[in-house]
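Scroll down for the structure; my scribbles are underneath it.
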Amino acid sequence: MPRCTVVRRVHFNAAHRLHNPAYSDEWNRTTFGPCNNPNYHGHNYELEIVVEGPIDDATGYVVDVGLLKQIFSEILHPVLDHKNLNLDVPWFRDRMPSVENIAVYCWEVLAPRIPAGRLTRIRLWETPRNYVDYEGA
Amino acid sequence: MPRCTVVRRVHFNAAHRLHNPAYSDEWNRTTFGPCNNPNYHGHNYELEIVVEGPIDDATGYVVDVGLLKQIFSEILHPVLDHKNLNLDVPWFRDRMPSVENIAVYCWEVLAPRIPAGRLTRIRLWETPRNYVDYEGA
Amino acid sequence: MPRCTVVRRVHFNAAHRLHNPAYSDEWNRTTFGPCNNPNYHGHNYELEIVVEGPIDDATGYVVDVGLLKQIFSEILHPVLDHKNLNLDVPWFRDRMPSVENIAVYCWEVLAPRIPAGRLTRIRLWETPRNYVDYEGA
Amino acid sequence: MPRCTVVRRVHFNAAHRLHNPAYSDEWNRTTFGPCNNPNYHGHNYELEIVVEGPIDDATGYVVDVGLLKQIFSEILHPVLDHKNLNLDVPWFRDRMPSVENIAVYCWEVLAPRIPAGRLTRIRLWETPRNYVDYEGA
Amino acid sequence: MPRCTVVRRVHFNAAHRLHNPAYSDEWNRTTFGPCNNPNYHGHNYELEIVVEGPIDDATGYVVDVGLLKQIFSEILHPVLDHKNLNLDVPWFRDRMPSVENIAVYCWEVLAPRIPAGRLTRIRLWETPRNYVDYEGA
Amino acid sequence: MPRCTVVRRVHFNAAHRLHNPAYSDEWNRTTFGPCNNPNYHGHNYELEIVVEGPIDDATGYVVDVGLLKQIFSEILHPVLDHKNLNLDVPWFRDRMPSVENIAVYCWEVLAPRIPAGRLTRIRLWETPRNYVDYEGA
């Protein structure tokens, strides 16, 4: 049975600020530059959900990409979209809301809910010019 | 002498919130939905600066697009990039920071500084799926 | 009061075939080439809904682009998405389902429903390399 | 001798329908939703042909990407472009024309014809928001 | 009879150098910066051919975009693609090969050959971040 | 400690010519076709710098993508941007300036300068339709 990787892109936008309270204000300004702006800034995030598995004979699917979108819409979109990651998302209370960590968060929420196949990668675009890949711990 | 329109795309990202304090909280929630989130959200903005004029014989240019980028970098980027439009940009103190009004603001700042030709349009993308065109008052 | 043009992109995909029964099969094959394939072919269409009007002081909006998406989702998407334009859409019974005419159709359906401002253009991409603009009769 | 992976993107568009005749109509409607529309729908497919191998000293090439395009144009484009995958392509008579299986088909046709290097992946975009990777059996 | 604008995108790449021999080397270096490099540099150009006209009842076309591509392939592509605009294209012997003037050149070659409708615009992208529009003299 | 891959896209444009002086002119014309044009042609290159490593607890970063851009701007951009690869870049004196070899060159320059994590891939787009991946020797 052939195996295949299936990818669905979804979208959210959010505000955040990079600031680590365990360090001095000067360290934060030097380390994060404009990303340390106290009043936040924001991004349009494009998220790719990457699922690997055997192609089902009956459907021709590894997984229905419509289901991937629906799962995102039900469990991640309400938490992330049009939110302030620092203030509105408890998971980031003690973690930096960098694009790396947002990808880890998306993985942790999505991995147990994939209805067929296996989540093998989260690709997260923060701007059209930078993105990260996270493939699990 | 042939005339031509020249366009340069530039980038900034920012946080904002749509909330009109002259109206009730309920009106604001109903009118703006998730864009009314009190803790802000944000976007990657792509800005197109559109300049029209005669093609100079000596240079072949209407305007040097490198200059357009430099003007943006010097006078708009420091005000808008990695900022909270509601809190950090005085012009929005009594105006909604909608994509429409951000385009008007960019026009007002840029129009008097165009070094050759004439600013004829600001195109501003708020997400990959919506943008506005503003062509002056 | 400044005026502005607001654009919302939406998506649908469909099958079609270019064949004019008033002409011979040979004329159809010569005129439409592979687009005349009797068993249909298809496209991902990207539709831009372009609305012009004054910027409302209270909202900063010409029109809420969320409403534009909702109107599309309610009245055009169910008719066009995942459909065969020749067989499933009555409007094309006596018109060629060319990208030009699909744009005219979208205009006719959308123009009377725009909740604020005025529809000034339909831009319809048939492939990443060709699109049309229709601005009304 | 350094090794490298070379990718060429090509394009085709086609109609298809997801329907498995071994199952009931209701199962098909539930499983495939709008993709089960009896009159077909369609997509613009973007295909990436991914070839890995040593960089030839004389040419600097792993493989001439112009040849990859020519092979596609000669052996895959005539079979897939502007076609109905269910009705016009025999390989899909007893397989679902899902994007997963179309990628498998492209692999089977292309893998034995790669003129230098080795086909290591087929990436196939069905819409701008979903794609698959197939890397062989 | 409804009228419509039809656009076809095509591609070429070329080398050029911005240098006006009527001026001093220093003026050229100051005016054109890195674009004055004596050994040339280059770009991937994306050209949009924009044609306006009535929609033909029999075909649903303003103009067959396949014909637009064919005309480009026969009369512009052989002159511009993989060429050095300064050295290989006589029209630029006494004109600067700026993106503005390349657009004018494309207009002059294409306008008399449009098989239906009327060329109303040449849009020419020099990079993903700058482009020009030329609409004739 | 979770690990992640971080990618930053940067841009340069350049002229080049594919011609191997160890072979006859006819071999060169046949092998490289239009890429052998004696007067050069050119491209807009999009370069993706791919770095893998542990996510730092204090910053949430694998590596600051702003630093990746700065390193590119300081050590690669001055050598490649607006240059003729054959004439202006010594490394290509005895190597073909194919996109494969340009990727190898970028790797060799960048790999020792990555300030955190480890360079794992260079992805280099030569046109919107072809790119290469190089992952080191």
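Each chain carries a letter (A, B, C, D, E and F) given by its place in the written order, and its residues are counted from 1.
One rule holds for everything that comes next: contacts are C-beta pairs under 8 Å (C-beta built on N, C-alpha and C of every residue); 3 or more make two chains touch, one makes a residue touch a chain.
Please read all numbers here as calculations on a predicted model, not as lab measurements.
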item	value
Both-way neighbours, i.e. chains that touch chain C and touch chain A	B, D
Each chain counted as touching chain A and chain D at once	F
Distance-maximising chain from chain B - centres being C-alpha averages	D
Reference chain A; chain at largest CA-centroid distance	E
Shared interface numbering between chain F and chain D [over half = same, under half = different]	different
Distance between chain centroids, defined by C-alpha means - chain E, chain F (Å)	28
Residues within chain F bordering two or more other chains	128
Interchain contacts, given as pairs of chains that touch	A-B, A-D, A-F, B-C, B-E, C-D, C-E, D-F, E-F
Sites on chain B touched by chain A in the complex	11, 13-16, 34-35, 37, 39-44, 46, 81-84, 87-88, 127-128
Residues of chain A touching chain F in the complex	18, 20, 22-23, 31-33, 95-101, 103-104, 128-135, 137
Residues on chain D engaged by chain F in the complex (per definition of touch)	2, 4-10, 55, 58-62, 64-66
